[in-house]
Amino acid sequence: MIRSRRKNPTVMRAIYRTLDPSQRGPAADVFRLVHHTLVIAGIAAVILSTVPQIAEEHGWLLAAVFHLTLAFFAMEYVLRLYATPGAPWAHPGRPWRDRIQWALSFAGLVDVFSTWFMLLASVLPIEQNSAHLACIIWLFKFVPYSEGLSLLARVIDNARSALLSVLLSFFIVLLCAGTLGYLFEREVQPVVFGSIPASLWWAVVTLTTTGYGDAVPVTTLGRMLAGTVMIGGIAVFGLLAGILANGFAEEVRRRDLMRTWDLVTKVPFFNAVGAEVISEMTRLLRPREVQPGTTIMRRGEPGDCMYFVVSGEVEIRIQPKPLRLGAGAFFGEIALVTGEPRNATAVAAKFCVLLSLHLTDFRHLAARWPELTAAIKEEAERRLAQAATKKA
Amino acid sequence: MIRSRRKNPTVMRAIYRTLDPSQRGPAADVFRLVHHTLVIAGIAAVILSTVPQIAEEHGWLLAAVFHLTLAFFAMEYVLRLYATPGAPWAHPGRPWRDRIQWALSFAGLVDVFSTWFMLLASVLPIEQNSAHLACIIWLFKFVPYSEGLSLLARVIDNARSALLSVLLSFFIVLLCAGTLGYLFEREVQPVVFGSIPASLWWAVVTLTTTGYGDAVPVTTLGRMLAGTVMIGGIAVFGLLAGILANGFAEEVRRRDLMRTWDLVTKVPFFNAVGAEVISEMTRLLRPREVQPGTTIMRRGEPGDCMYFVVSGEVEIRIQPKPLRLGAGAFFGEIALVTGEPRNATAVAAKFCVLLSLHLTDFRHLAARWPELTAAIKEEAERRLAQAATKKA
Amino acid sequence: MIRSRRKNPTVMRAIYRTLDPSQRGPAADVFRLVHHTLVIAGIAAVILSTVPQIAEEHGWLLAAVFHLTLAFFAMEYVLRLYATPGAPWAHPGRPWRDRIQWALSFAGLVDVFSTWFMLLASVLPIEQNSAHLACIIWLFKFVPYSEGLSLLARVIDNARSALLSVLLSFFIVLLCAGTLGYLFEREVQPVVFGSIPASLWWAVVTLTTTGYGDAVPVTTLGRMLAGTVMIGGIAVFGLLAGILANGFAEEVRRRDLMRTWDLVTKVPFFNAVGAEVISEMTRLLRPREVQPGTTIMRRGEPGDCMYFVVSGEVEIRIQPKPLRLGAGAFFGEIALVTGEPRNATAVAAKFCVLLSLHLTDFRHLAARWPELTAAIKEEAERRLAQAATKKA
Amino acid sequence: MIRSRRKNPTVMRAIYRTLDPSQRGPAADVFRLVHHTLVIAGIAAVILSTVPQIAEEHGWLLAAVFHLTLAFFAMEYVLRLYATPGAPWAHPGRPWRDRIQWALSFAGLVDVFSTWFMLLASVLPIEQNSAHLACIIWLFKFVPYSEGLSLLARVIDNARSALLSVLLSFFIVLLCAGTLGYLFEREVQPVVFGSIPASLWWAVVTLTTTGYGDAVPVTTLGRMLAGTVMIGGIAVFGLLAGILANGFAEEVRRRDLMRTWDLVTKVPFFNAVGAEVISEMTRLLRPREVQPGTTIMRRGEPGDCMYFVVSGEVEIRIQPKPLRLGAGAFFGEIALVTGEPRNATAVAAKFCVLLSLHLTDFRHLAARWPELTAAIKEEAERRLAQAATKKA
């Protein structure tokens, strides 16, 4: 099955690229679509097959979808293993070393488990229903495709020590609450608070402010304890939330800065200015992707930002004849300079990538680098004069 | 009904302005009041009509309110359609093109649905009660009037990718929790945890720390899972909260900067200083609207900020005769310079817009731009000398 | 009763100061203690008197405490009214104008309601129990004493528009959820979801993730709606939390800056440096109050900050004889300069107010203003040399 | 037992270091491991012994573990007391003064309580089960070992006044809610809302959005109150969370800055540049500990940061022969300069401490201190030229 030593490395490279989540292109896009559809369909099939009514009526359909998905993933595994020597990090001339390395890596082991072992399980005489549940592991097949999840993983990794100390304090509060709850309530409610583990269940439900209501203190001391635990829970909540939120904001900011920088360097206007201005602009500009036909700005509206065109084409609907602006141009600056409403409507003619500069940041720039905004204002005045001439 | 081609575009423009949520003025204010009252009254009528007791007793009143509201909105729709060519973004000389464009836009379709279709529904022999519920769509009529909601929409749009990745991780955790919950509990609680969809209900109630208590794990493994899910829920909570809170704070800051800038440029005192100082001042000053008769500062209190008058009139109650300050003046700086309590009470004589500068920011400015605060201090000393002369 | 025109204004001023929450001093402290004790005792008495068992057994005691508190507050009201002309903001020579002004102010009306009306109520033949509940208004007597609460009020006032737009979106989501919940569940649960108001109750309990469990959706659509509402609730939560948390942090920062500035200007060392450095130092220094006998730093521990003495006296326990440092001195700088553990223990000899400078900020300062830290380092070297000489 | 006056102070110092949580080394590590294991085992034993089933079956095992732990802690106490004169803060020549000082300190009293008193309790004829519960105090034995918890304690201490004012507003809202809940519901639900203390229980469960469901308002007024209380609870939540999260982030940032500074000063490359650059670099660099064998960067991946080696050894897998980099070297800068994917894989050869510099920060530095990045770029070009030569 995996005999393919004689095949051309170009083929391997093409397959690798198609399967690589970080790649873009027609083949990779089609594969991504099929892959995601099958993950969702496969998991949905397993979930629905646990509902007796549906399992009875549509059992064969669910099984078909499940096995189709399984077969696809099994094939994907074989392809991945085969194409490993086409990876950019592969060692030229040692295809099998790379393959074994990948097969024994975490990703490889997860893949083999989620396909071959499951195929095996569906043949063996064990309970079908439970075996199939292992397919929940397919969910993790989304992980390499989601940039956000890898971001999240990095956030958790960076804040590891802070998170651990919050969890430690969570457990200390939990154990204290559980023990005290047991002491206060065990005589009145010998079933629900009959042991510390049982009382811990109450404590965790209370500390996270979930409050199922299956274990509720009734003594005065127990209720005072519960109130304290709830407030403590809010505090733990706040710490956890704060750590994650700050870390996430930081990582998102870094990622956005990297992306914006790449876009900024594509606009010739910015290359004329120094590196320090570019570094500052990168922080202020916001990338925006616009579908063809979208109205970017509308005549008569107040103007709160200007736009730089990174790629695509924008149509400025001015009289007597619309104007087309391509990559490198900018527009919308007139309203910022004059403070009046937009004097034209702008519509994306093709798929555009724009960088928008907000009015407040434009003013900030104008204060710090007057020469930069002077160039923009000059262009605005030139256009206004042009428009006045045309009308006249 | 909509025959009005011969009417003057000035009329259209006046009507457009009256209906435009972003406008201010007597006509627009009256329309806004009637509009908001009717939205609230109409929705209240529909809500109350679902209570059998009230529906029986006051049925005709509720129906009257509902139909009055409906009629008003139908009329509003006609007016909006008619007045569209009066919009600033309209194309001169092509009224019907603008009208059709608006009628087919999202706002236009929502409007037609929430009025005409409902009028139709109230005639047709379908169940009245349910048909009326569609009026919940009226709630969205508030949206164009609320600046905050459009801010919120922009925040969600900006943080789209971050929110999506948090939602994806939410769903991954949810599905894992649901599957494991099903595995751990299905034998002990075959009704509540009898299928994965049922178990997912438990998972979502737990992951959001809502905890209805209709599905509660009882096995040790199930309870450990529940504890983990709750903590996971807190983490998801924190991420979602952090993303939204940061984005909202950013947008509010931008909006406030824009507003403050507009006010700052109205005070002649600031125009004397350079653009960089204005840019810095805009960040430090806080706009404040004051109703006539409000005490702005009170003699004997410690002074923690000074005020610039953008518009309106302020009365400084000093002996022997109160002093009136108009637009462009400033007051309250003496306490900042001397560190002593306020030496006079200031009351708004008319509706005022003020800019307040906090003591800490005054000191910060004094350190960075000594010439700016020197001018303020000079004025303070002049006034103190004046007061001393008068007393003597 | 309130006949006191002939009394000396000095007496009024003294009484005013004793009753003024912002004052400090023996008389004001005693009054504060009595006032707070009675507020707590009075409210506790009313709360406990609603427990039938306690009311029966200790009814007379609770009534005594309640009436004592009431009498005290009635007397306080009379005193406040009498002493009003002693306020710093009063108009000299017009005592009754000031008194009437205060009596008709919000604080005055609350006070008269919470005392005289209640006294009246306890005489009239209405139900005692309910009348007494009005005493919950006494809680607000704490408000003028708590700086934090006035901070909170200012935060809410500043973020008013943002909070309102979040509340508006909360209500829109609530009404949509209530209406949809009614549509989905009314047939299966005609009692709990029998009308939109009933369904709104479920919606609010769900949207705030409280989840009492008295109304729980059972249909698939209803449960999907519930899941969405819970996530929406988390989002609303996050926005509300973020707005309040950011605003509070900002106000606390301002207040701390003001306090620290006042302390910084008391240390002669900082007066030698320019205003810009003071402005920067104010941001970096942290005030700390130390009770006599507290160990501030301990020999052998790693040193992470240095201290400036604003007031009080610190004993540095060095051999052969402890050293006493008074206001204006600094210590703990040696460990920062050498990077070695503390070479002496420092204990507060009297009640001290210190300003601490953290190691990271010390380094930051050293990079920006080398001359400032050079002076500190010089002192450190002088002391080290001194210590070396003494030992030798 | 504690007769050891003649023993050498060197022995005391060695024992002190072994027991000191802030020390590292083979002896201290072994002690830490045994200590932590026994705390966990001891507490687990007590918790499990409250479950009747487990207590019956494995009673003797649990008792053995419990008494073993107790004996260990008793011994630890004796050792700590004995070794006190070996502490860095001890007074030379006065061993007993130091011992008594420690024994009467908070830590000493907690230790004596958690060991000797418990030994006593297990001999006396009181109920075993309850006596053992005091062992929950052992949990606090983790506290000195957890840097995070001491951080948390400092955060709470710093934000004391803000936290107190939030708690005060929490209690004011709570009391108002409890009183109003009692007024609205007492007639309909005389058992659950029969007194204010009972109603307060409902209020606290609602205000923290826990929602057990044991007390639920049923009147319209009561439900409106509940809705308001829930929103108030979210607000309190947000304030508490925000205060703690901001404070924690601040403290973590300080701690990280201190650590990074220590690492930065170990890299000779940074010592060449001025103090201001180091201060800036400390903010930008992130420390990272890498286990031997970990892949730090992988050929073909996009490069988003460069690394400085503080300690350890890194193997750069380039052709024809891998290169080994030791402390002070840097790598990964080529991808940052060229913008191309990594041209080599780097693996940690030994345990490494690295400082990573992110691409966005590299660009920021390049803009502010061109000379710094010029040096890095020079090195990158030198290596690229070298690689080109080798290949040729």
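As written, the chain order gives the labels A, B, C and D, with residue 1 at the start of each chain.
The rule is short, and it goes like this: a residue touches a chain if its C-beta (ideal position, glycine included) is under 8 Å from a C-beta of that chain, and two chains touch if they have at least 3 such contacts.
Just so you know, these numbers come straight off a predicted model, no measurement behind them.
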item: Rotation, 0 to 180 degrees and nearest 5, that superposes chain A on copy chain D via CA atoms; value: 90
item: Farthest chain relative to chain A (centres taken as mean CA coordinates); value: C
item: Chain copies touching (chain C, chain D) - same or different residues, decided at half shared; value: different
item: Chain A and chain B: spacing of chain centres that average the CA atoms, whole Å; value: 28
item: For chain A paired with chain C, centre-to-centre distance based on mean C-alpha positions, whole Å; value: 40
item: For chain C, residues that touch 2 or more chains besides their own; value: 197, 209-213, 237, 241-243, 245-246
item: Footprint of chain B on chain C - complex, ascending; value: 87-89, 158, 161-162, 164-166, 168-169, 172, 175-176, 178-179, 182-183, 194-197, 200, 206, 209-213, 216, 220, 223, 226-227, 230-231, 233-235, 237-239, 241-243, 245-246, 254, 257-258, 261, 274-276, 278-280, 282
item: Residues on chain C engaged by chain D in the complex (per definition of touch); value: 43, 46-48, 50-52, 130, 133, 136, 139-140, 142, 146-149, 151-152, 167, 170, 197, 201, 204-205, 208-214, 236-237, 240-246, 248-249, 252, 286, 298-301, 304, 341, 345, 358-360, 363-364, 366-368, 370
